[in-house]
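Can you read through this structure? Questions will come right after.
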Amino acid sequence: MLELTGITKTFPGVNALDRVDFEAQSGEIHALLGENGAGKSTLIKVLAGAYIPDEGTIRYDGIERHWASPRAAKDAGIYVIYQELVLFPELSVAENIFLGRAPKTRFGAIDYGKMHSSASEVLNRLGHNLDPRTLVHRLSLADQQMVEIAKSLVDDTKLLVLDEPTALISGRETELLFECINNMRMSGVCIIYISHRLEEIFELADRVTVLKDGQKVDTRPVSELNRELLISLMVGRELDDIYPEKTLPPKEPAPVLSVRDLKAPPTVKNVSFDLHAGEIVGMAGLVGAGRSDMAHAIFGSLPRIDGAVTLSGETFNTPTPRMAINRGLGFLTEDRKGQGLLMLLDMASNVSAPVLREFTNAFGIDRQFEIQAAKDEIERFRIAIPSATSDVVHLSGGNQQKILFARWSRACHRVLILDEPTRGVDVGAKVEIYEIIKKLADEGVGILVISSELPEIIGLCTRVLVMREGLISGEVTGSQISETTIMRLATTSVAA
Amino acid sequence: DYTGLPRTFLWNPGFNELVETSEYQKEGPYTIGFSNASQADLWLVTFFHGVQWAADKYRGQLARFLVTDANSDPTKQVSDIQDLLNQDIDLLLVNPATADALDPILRRTMRQGVPVVTVARRVESDESFVSFVTASDTALARMSATWLAETLNGQGRIVLLPGLAGASPAEFRLQAAKEVFAQFPGIEIVDTQYTSWSPANGKQIMSAIIQREGAETIDGVWADSGLQGSGSVEAFINAGVSSDSIPPHTGGDLNRMYKLAHEHGFPFCGIDYTPSIGIASVGLALNVLNGAAVPKRLDVNFQVVISEGHETESIKADELLADYVALDRPDDFIMGHGMGATYDPKTFSVDLPN
Amino acid sequence: MKWYSKMSRRIGNSLRRLHLDPSLLVVFVLLVIVLIAGFALSDRFGTVRNLMNVLEQSAALGFVSLGQSLVVLVGGIDLSVGAVVTASAVLMAAVVDSNPELMIPIIIVVLAFGTLIGYLNGYLTLKTGVHPLIVTIGTASVLNGLVLLYTLQPTGGVPFWFEEFAYGRIGPLPIAGVIMLICFAAVWYLLKYTTLGRSIYAVGGDEEAARLTGINSKRTSLFAYSACGFFVALAGAYYVSRTGVGDPRLGEPITLASITPVIVGGLLLGGGKGNVLGTLLGVFLISLLNNLLNYMNISTFIQWVVQGLIILFAVSIYASKVKKL
Amino acid sequence: MSSQTIEFFTHSYLKRFALPLSMIALAVLATILQPAFLAPKNLQDIFTQAAPLGIVVLGQAFVVLVRGLDLSVASLMATVAVIATAFNATSNAAIPVIFAVAIGFSALVGFTNGILVTKRNVSPFLATLAMMIVLQGLRFYYTQGAPAGSLPDGFRFLGTGRIGGIPVGLIGFLCLFTLLGWLLHKSEFGRKVYITGGNPISATLCGINSDRIIILCYVICSVMSGIAGLFLVGFVGTVDNWVGRGYELDSIVAVVIGGIALSGGVGTIWGAALGALILVLLFNIVIILGLPVQAQLIIKGVIIIFAAAMFVRVQKV
């Protein structure tokens, strides 16, 4: 079906793919694995005609192909769901799904009626009810991801590529997606599946190809693999324990952060909870439960209509990010690129951004001091970066995330809210990030981990809050923390 | 103001027919629409004030005096005229933004039976207007160029500083001046640069030319107005040229030019393109409506101002510089406005019926 | 300030439920206000004759703003429109003057010329990666230079019958105004009901995403720039028929003026959002305002102030994006 | 490692020296074509003329860095010039007062621009375009189209004077350049400008009041325009209602040629200043070569596209 041989692709300064061979067959689900920056997405883009390889050949359907554009590959039946969403926020759901291939009336005009009904139908197949007229920018990320997936179901697809489709969705949506994928496999579609969630690989895939540093490590049937083996293939070493040991901090009477009756409609309806110094508290919930918005509301970056946030005994009703930062509350958002890193600035400036004042003397910013501080952080978090004055754009996701940890742990010593701290981060970096979280908690920082990966929450937290439709639907602690207890709170409605 | 014989009329080789206007005769009071081109520079402002001043003078005959301003945009002016016509004007007085662009709409206006009087610029075809009120660009430029050539005794290297590229007065004047200089084989035109009638441009351009040629090698500067002429004089002063070495200059209109010439004493000939044509045009327009015969082209006279001792064989002063310069008026005062000694553009205001 | 924000947000929310762009409503309401003011202030404003005049007068701005809208929709901007209007007008008048029989072919040539310049703008933008603002300032400068090299004064002429394009009427309807409305309708249809039209939104929204979706984003952008050139040249032809000559300084004022109706009408500089219906309303708003101010016989200077303030009011009453963060 | 070395050279050195090099190339070209170019007098002239544009460009740079654009600069320059002459002052003692009023007014204009752009979400293009028209109307209304009044002699010194052979305008420009250079590249505020321009959302989440930063950038731009207006009126000697006309687009072109991206967050004050110098040099060269106005326009257009394209290339290396 598909055969790539000797694919090489270099970007200025990066050898993203180095003579990679890859092959996939009809009716199989072939997983593509590798750490961040291993070259998975690049390989996908090459086979889909989005990048032209420097060397190597693509054989598809028995013919050697030289795609001139993504269009050519698409016409040949290759459909790719890219890692970064390929959606147009100002167009409606239906228009996004049918862009470039909309049903036409007899007169050659786009038939909106037909388009909307087909869109609804496709979304229904994914178990998703969305008004096809809604503009996409009004959707949550998860809904957007579902639209992205729906796009692939419309065409007569022979080869479907999914690059981390579940990074943004959870629970039921994932199940429905898997069902769809399995159906497609049955009907003979070749599926290439990329994910950092190893459980999914074992659940879905027939074969696995592992990439590392732009080179192919191996291709094996899943049946020959287990978790440990897979991880060692990916990172090149054994990882015995992913999660650090849980310890309960000495219970202090006064919480360091206390939230009361927080309301920020429409997503956050009423949230109250406490967080103590040194605690790692999880915040679980289905996608769209309102966790991210709640975090923004606490931090002051989203307006709220009611509620009080008390930080170390000081209460404020209309906080701003500046107030929060000054009182030691830091917030690492889920959108690393859009809301976190400063891509045009160097690493040192990224670290110092929230607390510039500290680095300023009578003559302006003390650059020496700033760079020194950044160097300390590089060491402390073992960030793989050439120097403190290097750009952050080309770093891998894990290292970028560590820079944000450096930024926030330096600026804020009381509370850190971490929204999806390991999203799109590879296994190796994940472990390091868990260690960092643990270390910070041990230093007395109260930590709230918002995550859609249940294993992470379960492995990391001593107490878990569950959110559902803008409300806290429950709390589980200690040995009660398990997938079933959490999922029950996340899905069933709370008794009134 | 000049009070002698109507000289440009005398000089004009063509005949100037009188136009019978009885077909436009009406009972007053009248509604006159004035479509102005622009008020973008001082000359235009003074001209506009003249029109209003005259309308005020004749207000007894006027029911309404409607004004629009095209902001130098001929296409907006077409729309303005349509808007005026829609208000049932008896006569259209228009200062066209460009010489040709209003031909179609004015022809249409005339066909609707509304007489058109153009002022400052005419339009191409004769059937598009009843009468045209102006001062002669050609005569102005010929006189100043002749003065400069004779001052230099027909020998020397000169710089021409016309106004705005593409604007018809600037082009007519430039053409007329070149005609004159062509008669003097000893005159070499070193450079011709458009200045947009801006003192700043005049200064920048002349500075660069001085750098290139050397101040002492430039024997004369012909500017069609003192707007850029004053900038040129400044450039010489700035280049360290002493007062008595500043070459002869031409160009009127701007009081600053007269002041500079007066102060530094270089040979100077200033002819104002007099804004008082605006005043004349209102009078003529009322004549049309009263049914009196009017000339097809009314040339308003201008006067020649020359610095003391610099009259030439053919060009004599109507008034000497020392008598003409308005030392008590601001630099940017425009001369030849015809509204009397008390006129001050800052405080000028009339309230016309509309 | 607070009630103002709150009100506009509330209006915005309710409109969104109706799938209507709130900025469109703002122009519409302003338009109605100007009309009412016109009726109240002058008995001649509200006549059919005057309103038809305004329709006729808005044709040029309409053509140019329509072209500008397309470029803005793909995320560009065209500051060469004034120069293209001038160049096509001069070209047309110059050629036709001595060969009036070539009138029809020359119209086609001029429209092709405009399209070509538009294409060139697009090509340079895509090829060099320079911001279109800068590219088109550059091409405008070159075009202006070339035109002035050819003539410094208004030149050429057209046969009288061609004036009918600018001044002619079908019944009470001005031909130029009707052609403009047809052009708007055509572009509106193209944008709404064709794949190319939808692609324009996609490219303007996110060029790389459009490419990955299989849209030929370069060709789409080039189409938008070329179409812009086409409509701008049409405006040039309209001007020739209205003024009878090719004037080398004709187009200058329309460059910046053409942006105003586009943004007032709710298009987003940066692309991907908005509707040419908004642009049309914007064009009407500006034209009616001009007309009304003429009727009120107030100083031009005050007119400028009023125009500037109304533009600001139009675009600021509804803060288009309620910031999430 | 070696490829990295090469990259280092091609990348940062080309980037850093492309502009000065092209400026030197222009100057050499001019000297070959016309030796008078290098005459100290001509250089003095160039710098005297470059000063007002250069000052505007410094301000424009701040606005463009935060993803903005200011089309009202030229209109503001003329308005400030009118305000300056409205005092009708003859004594040099009035200069500080005139400066204070002019700067205060400019700051108010900039503040309004900033508020419109940040708090009302108006596109910078339209907000400043409308501001341009409003200022024009107010100015003409006030002067009735005929600006009159006079300036103290000290102003002529600002525009045309020299201290030790160095034009005062150039000295003024250098002072402002140093001040703004420090502000942009050394101060906390400057860093916030880059953060806001690069990613306004991140900026907000880092506790930076990005609206305030953007407003301040507009204020800086307007104040610089106001100061430039004073220099220009000093240079020309008379006010007219159109002082500085054309500077709105020229200043944006200079900023872009100088390597400040219209998408914000990238570029230096050096680049902006060099961009302004290159433009002025270009005007001077075409004039000194005696080229007609048409050729000036054509050459200017070609160079604008070419220079900007070169910069994009260099940035991509």
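For this structure, a couple of remarks:
By letter and in written order, the chains are A, B, C and D; residue numbering begins at 1 in each of them.
Everything that follows uses one rule, which is that contacts are C-beta pairs under 8 Å (C-beta built on N, C-alpha and C of every residue); 3 or more make two chains touch, one makes a residue touch a chain.
These numbers were taken from a predicted model, which means no experiment stands behind them.
The highest number of C-beta contact pairs joins the chains C-D. Chain B has its Cα centroid 73 Å from the Cα centroid of chain A. Between chain B and chain D the centroid-to-centroid distance comes to 35 Å (mean Cα coordinates, whole Å).
Chain C and chain D have centres, each the mean of its CA atoms, that are 29 Å apart. Centroids built from CA atoms put chain C at 43 Å from chain A. Among the residues of chain B, those in touch with two or more other chains are 39, 165.
In chain C, the residues that reach two or more other chains under the touch definition are 148, 300-301, 303, 325. In chain D, the residues that reach two or more other chains under the touch definition are 140, 144-145, 201, 204-205, 293. Pairwise, the chains that make contact are A-C, A-D, B-C, B-D, C-D.
Residues 3-4, 7, 182, 186-188, 190-192, 194-195, 197-199, 201-209, 265-266 of chain D touch chain A in their complex.
Considering their complex, residues 34, 36-37, 39, 41-42, 45, 49, 140, 143-150, 160, 232, 235-243, 284, 287-288, 290, 292-293 of chain D touch chain B. If you check the complex, the residues on chain C that touch chain D are 1, 77, 79, 124, 128-131, 133-135, 137-146, 148-149, 256, 259-260, 263-264, 268-269, 299-309, 311-312, 315-316, 319-321, 323, 325. Those residues of chain A that touch chain D in the shared complex are 12-13, 299, 301, 320-322, 324-326, 331, 333, 338-345, 349, 353-354, 356-357, 360, 363-365, 407.
Chain A meets chain C in the complex at residues 48, 50, 69-71, 74-75, 80, 82, 85-91, 95, 99-102, 108-110, 133, 138, 296, 301-302, 339.
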